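The chains carry the letters A, B, C and D, assigned in the order they are written, with residues numbered from 1 in each.
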Amino acid sequence: MAPEYLVKIDLNKPAYEQEGVHNRWHPDIPAYKTISQNKSYKIECFDWTGGQVGNNDSADDIKYADLTRIHYLSGPFSVEGCEPGDVLKVQLQDVQPLERQPWGYCGIFAKENGGGFLDKHYPKAAKAIFDFEGIYCTSRHIPGVKFPGICHPGIIGVAPSHDVLKEWNTRESQLVNENPDADFVMANLPNDKGVFAGTKASKEVIESVKFNGARTIPGRPENGGNCDIKALTRGSVVYLPTYLPGGLLSIGDLHFSQGDGEISFCGAIEMAGCVTFEVSVIKNGMEKLNMKSPMYLPSNVEPTFGPDRYLTFEGFSVNEEGKQLCLDTTVAYRQTCLRVIEYLRRFGYNDYQIYLLLSTAPIQGHIAGIVDVPNSCTTIGLPMDIFEFDISPEAEVQKKDMGNCAFATDDLEEGFPLTDELANKFLDIIKSTRGCGH
Amino acid sequence: MAPEYLVKIDLNKPAYEQEGVHNRWHPDIPAYKTISQNKSYKIECFDWTGGQVGNNDSADDIKYADLTRIHYLSGPFSVEGCEPGDVLKVQLQDVQPLERQPWGYCGIFAKENGGGFLDKHYPKAAKAIFDFEGIYCTSRHIPGVKFPGICHPGIIGVAPSHDVLKEWNTRESQLVNENPDADFVMANLPNDKGVFAGTKASKEVIESVKFNGARTIPGRPENGGNCDIKALTRGSVVYLPTYLPGGLLSIGDLHFSQGDGEISFCGAIEMAGCVTFEVSVIKNGMEKLNMKSPMYLPSNVEPTFGPDRYLTFEGFSVNEEGKQLCLDTTVAYRQTCLRVIEYLRRFGYNDYQIYLLLSTAPIQGHIAGIVDVPNSCTTIGLPMDIFEFDISPEAEVQKKDMGNCAFATDDLEEGFPLTDELANKFLDIIKSTRGCGH
Amino acid sequence: MAPEYLVKIDLNKPAYEQEGVHNRWHPDIPAYKTISQNKSYKIECFDWTGGQVGNNDSADDIKYADLTRIHYLSGPFSVEGCEPGDVLKVQLQDVQPLERQPWGYCGIFAKENGGGFLDKHYPKAAKAIFDFEGIYCTSRHIPGVKFPGICHPGIIGVAPSHDVLKEWNTRESQLVNENPDADFVMANLPNDKGVFAGTKASKEVIESVKFNGARTIPGRPENGGNCDIKALTRGSVVYLPTYLPGGLLSIGDLHFSQGDGEISFCGAIEMAGCVTFEVSVIKNGMEKLNMKSPMYLPSNVEPTFGPDRYLTFEGFSVNEEGKQLCLDTTVAYRQTCLRVIEYLRRFGYNDYQIYLLLSTAPIQGHIAGIVDVPNSCTTIGLPMDIFEFDISPEAEVQKKDMGNCAFATDDLEEGFPLTDELANKFLDIIKSTRGCGH
Amino acid sequence: MAPEYLVKIDLNKPAYEQEGVHNRWHPDIPAYKTISQNKSYKIECFDWTGGQVGNNDSADDIKYADLTRIHYLSGPFSVEGCEPGDVLKVQLQDVQPLERQPWGYCGIFAKENGGGFLDKHYPKAAKAIFDFEGIYCTSRHIPGVKFPGICHPGIIGVAPSHDVLKEWNTRESQLVNENPDADFVMANLPNDKGVFAGTKASKEVIESVKFNGARTIPGRPENGGNCDIKALTRGSVVYLPTYLPGGLLSIGDLHFSQGDGEISFCGAIEMAGCVTFEVSVIKNGMEKLNMKSPMYLPSNVEPTFGPDRYLTFEGFSVNEEGKQLCLDTTVAYRQTCLRVIEYLRRFGYNDYQIYLLLSTAPIQGHIAGIVDVPNSCTTIGLPMDIFEFDISPEAEVQKKDMGNCAFATDDLEEGFPLTDELANKFLDIIKSTRGCGH
């Protein structure tokens, strides 16, 4: 018997008019449907922006994307027999793009609108469209590259209890409050703008979600959520702690492919798609497994490049200015990214193209050494076989015309770096879309 | 023709009396031998402490290990035809324990003597001995576990030029100077104690090395060094930038096995062993490859567990006190380690045993998401097949008597946590062995 | 842009009434469509019987299947720019079951109707239905087993030239003629019964195909065809020699999964499905590559069990009666199959169930030694992880009730072994469906 | 504690003068030593010829090799606690070449002296020497190729009981007797020439072994023996049925590397070496596991090329003369070998070099389809990454000077094909070394 569809979406209507989706974490958002254990279901899911981004050659839609209206997750689903303290076991039986929309995109957010891992170096918005052909994708914005997808949901998680929610809002507000002079948004706090609590929420619930519904951007230890773990691909099994009757599972933010780190923030190949899954429950699992955060078993149907086909780069916690930091693994990983960009630049790609490639291709980001003071060392394994030409260190380099990725209209006109005026224009647009520390 | 031995070591004499080894990075340490390109050589290497640690059931040797007398590297070797700016390509054709010493150890350093990644939780010294049987190891201190080694040198690197050396000393001193109140040693600066510049160094050279010879503890972006990258196993190929005529290659700090992060600091299965290798040179490679830091190709002869045989744990940048940090990947990885410890504790292991296991078994440490403010997310994949019993979430747990790892005599007598008096005793011993910011 | 569909099928109408399919190899069957190089296309394909087999619990449809009406291949497709002597490179970008028919079947043919690799031991018809849930399948007829599919076309090939066709018919007739007393059908020769030359064939062509159109059952060295190579899964690249203008490519006989050997003949999980593919041409490739038979590159997105998760059985060329044969690899492989059956029988499966499982699960069949007279040695690697319980040699065996596979009504009534009468009944049905050596 | 050495060999003395080895299977050959369960041991082993072949550039030693004096196996070892009907579980913890002899060889036997899989095409003797550098090998006789070894014993097995021995001799004699006109040796029967029953055998035992001791050339279903399974590499676990008290285990015929089929007969990289192993016993295992032939678990430390890095060739049961055979898998595999030879010939290798390469490199030989009458289909996967140049179908081919392998002096003088006179000369030499059907 064919798996039942729990959610179907209409790509021609706004996400916030549709059934079976929501965009905040909150205990009171009502379950959309109840599902049985050990039964296969299908759900369609929006791309993370709910359709804000088009298949075109401009990054305007990325530049002005509204971050209060994102992550329309399919769900919540109440699982029969699941009680607080149980562990929900979800087998992702398949993750596919929608046949009716065989493309996705990767975006670099402008520094002023969320930025990304390398925004100090690459502050402007950019975009690449990827076309899907079976399990492969190519991009007219990054020629010479082709790879099989490792499709996965960027977000899978359960609703928090009221206690858990309070904990989140408290600790994230505290971070913001303790860093009043941060030059970037350190955390996205609850914000009534753009809230969508599904079609079944009462007025009271909607007000409550507007007031303290947790934003979906960070993954969190208690419920997983937006972890952007590329390994959660078809065939993987995820174990989630639960806090509420029914568990209240939601899934969304599908990616066709992603590299470890999802470094450009809108950093996978974002897509609308369909997930086939099955759930079961480990009774009293949180205590039994002594579990505080999700765990998972990867799939055995990932793309398998030979280990020696990964050209691997090292990075250390000495930053771009040559300043020594002490065991700062985040800095080390940024350095590793820069080393790859410097290397690939020689083949004719510009840095934005490589930044987009590092975000989307199945690169392996490892923590190598994390104890030899003062240097953390991280590595990035770049699969050489995704390139149509030889990129090994021994190869003869021929710099080619690699075209360009998409940029925003303003940026093309006004040149780089961003003028103050332009930056302010951004800020006006964006200011209202962020949370404030209430 | 059998590969020529460049260095043979005597395990019954102190390392600092022997030919072909040294324990600082310095441009003036004379090459021990000159080697040809495209020719296979063998070198024997000491364990990182040069024999300070014994095959016994006490961690006293770990507790009082002298960190100024470590990392006796085999070399330096001058490569025919290698000039500054060239890239040295080293193929590690084999890495093996010495047949005459078929065991190794993993240590947890006391917090007062270097500590480790989890020293706040596990401050005392501990040790586990591992016995080698062919490609496998087992430990009487961590029963129920058996795994194939992924033997590799913790250190492979070239000598710095005087300019590079100056850069190192400057930036690392600066870190120390800027953090006068740090409660741990942030960087090990040059220290004349314990210096060994090889047997060929003139008095002037020895003085120079004592004065500003770089310590070997951190890996560094310019020359690699102590990166503790478990992937540099037999069959891997390492590309190193060079700064001096002949390149001056050194190799040492062999590990039988290690997990990503080498988290307990003395954190691999440390061993004496033998490396078979071959070098060649990419002329003007630093410019040609646009290379600032080493890169490598892993081996295709690593142990291959099925992807779905790694039980994988998630950790986030919310620390043990529940405090939210912003994209702190180091904290996220520490949390991930703690999640594994909590999980494995159920089977009867104590936390120190698991800490030692996480350091030595081939766990996979990945950066998952590094952009979703404020949470970095990292993962640890634990290969389930190294356990003699089923550790999957579905398994029935039977808590067993798992014995214990080795502790130091003092600690056993005096109990935990460390008294102030005991801590001071340590500090007296250790104080003089650290560098000071000259 | 979404790949164009070249063929769509209607599962509710007979295959031989539909456009874009045919069931013989013949140079004169007109191309159904012309396709471009380097462009992605989709085709729907029938299951190999064109819908003769139902999702039910009887093997009657298997027992009386008409082998003249099988292998309705989608095509032929004429490739722009392809000329005789060129090599056609086909990338299989995806192979999927039809969403509207999420199940497949495996059949054991009765000895009288084609039989299978073990028909001497297991002469009766049997069947197992497999349900698809995402990338996984399970079978109510073989409980306790679940595995990811390795979907592939059993048949991919090009049309023969008249010369090649003549060669086929000559050599296969000769085999039949030289073995007049064979107790099984050694080759299926041209047969006018059941011929379907597509909807575009003229009367003359139809007559010609009836007269000498090659049957599709064997794969052949010249054009590949029915090779039943499980490695031709999504992501693989096949290189085919060509003999006619346009190449004339056909694809069909889709399998959800199969073990090496496809031992039960109807031996994979047979399904209707959809193939996404792209072609290009290597001009004069047959001479350039010195190519006589197809070659391919497997996909890097196959299921990857750890190597040590395959319990592997050995078989030798000593047959069931203990008779020694000289380097007979076919006998060795049969012995290997029997060893697996004897092993798995202990868990409660009956032999027919295991026979079906060996046909469908991704078992690895290797040639181990083929020179040590008089024994060929072959091996079968059985992935232990497809079982829901531990099948390792160390496991405690608990014989369970494993239900049964489907059998034919007659067989259930009449018992085993087959009576002469029953066998004759079969033969009457089947006699007319075989070719005769004209 | 270091594993104890059970057998050490002297490479400078004849094998048949040394302790701890023997070259026939017979129940009465006394155990050389008794070993404990769950304890690690080491044994040194001769190359299969006991040192008949030299590291030189002539194949004379191959041409005139005496096949009665081969397979000097280390053992037999009696296992404490092992009784008839038990299953002996042997973990191969390591297999290594001897450090004092870092080379091996592959030979093609002349058609008159055993020949090999392709002897009809390549009837003369040839040889290639391989040098070992760490885990890699290269050959001056086959330039442009380098690969990691997958070291394994070609032979591992237990002694037969008298009943089993009788069964062997009966069925193999019968084969010979039923084929009096065979133009090659179909089976090597007991032969008193060259018998070595170890140093502990009494006169009576020696006579008995001379009379009916089974030759070691074929692997056999009852005890494994000379299976030449490349997967029995370090880390694998072999399960052997036993027939005598103590089991009486013997191991030998070590290979540095081998392709599936070991097609040139002396067809692996033959070497002297050292095996580290451990045994345990499954009581009453033959009945418990329903076991008639050995089984094994491969190692997870094999070389891992990416699946898409194997260029794979297809072969069918249509022989070189174009004759159709019915499901003859041996013929199909021979055809597959020929397809690879034709392909690689384009790069400048001669056919004998490729034949040697196919024997030694880790090629994957699979049974693809074995039921589609009349064609068996087999495949060979050739790892492209063992070549120093690109061999993919898309590569530009540059025919290079690839030198030559070693041939025998006579052959070089007298040219090919072999004259009748030369062939007779061989036969005189060889005649007496074969068994006769007593």
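One rule holds in what follows: a contact is a pair of C-beta atoms (placed from the backbone, for glycine too) under 8 Å apart; a residue touches a chain by one contact, two chains touch by 3 or more.
Just so we're clear, the structure is a prediction, and the values are computed from it rather than from any experiment.
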item	value
Of A-B and A-C, pair with higher C-beta contact tally	A-B
Where chain A and chain D are represented by their mean Cα positions, the distance between them in whole Å	53
Separation of chain A from chain C, taking each centre as the mean of its C-alpha atoms, in whole Å	41
Inter-chain centre distance, chain A versus chain B - centres from mean C-alpha coordinates, in Å	33
Where chain B touches two or more other chains at once, by residue number	235, 299-300, 302, 304-308, 385
Arrangement of touching chains [line / ring / star / complete / other]	complete
Contact set on chain D toward chain B in their complex	1-3, 40, 92-94, 99-100, 102, 131, 133-136, 148, 234-235, 276-278, 299-305, 385
Chain D contact footprint on chain C (complex, rising order)	87, 89, 116-117, 167, 171-172, 174-175, 179, 184-188, 217-221, 224, 226-231, 235-236, 239, 260-265, 267, 282, 285, 288-300, 302, 306-308, 310-316, 318, 322-330, 333, 335, 339, 342-343, 345-346, 364-379, 381, 392-394, 397
List of chain C residues in touch with chain B within their complex	304-309, 385
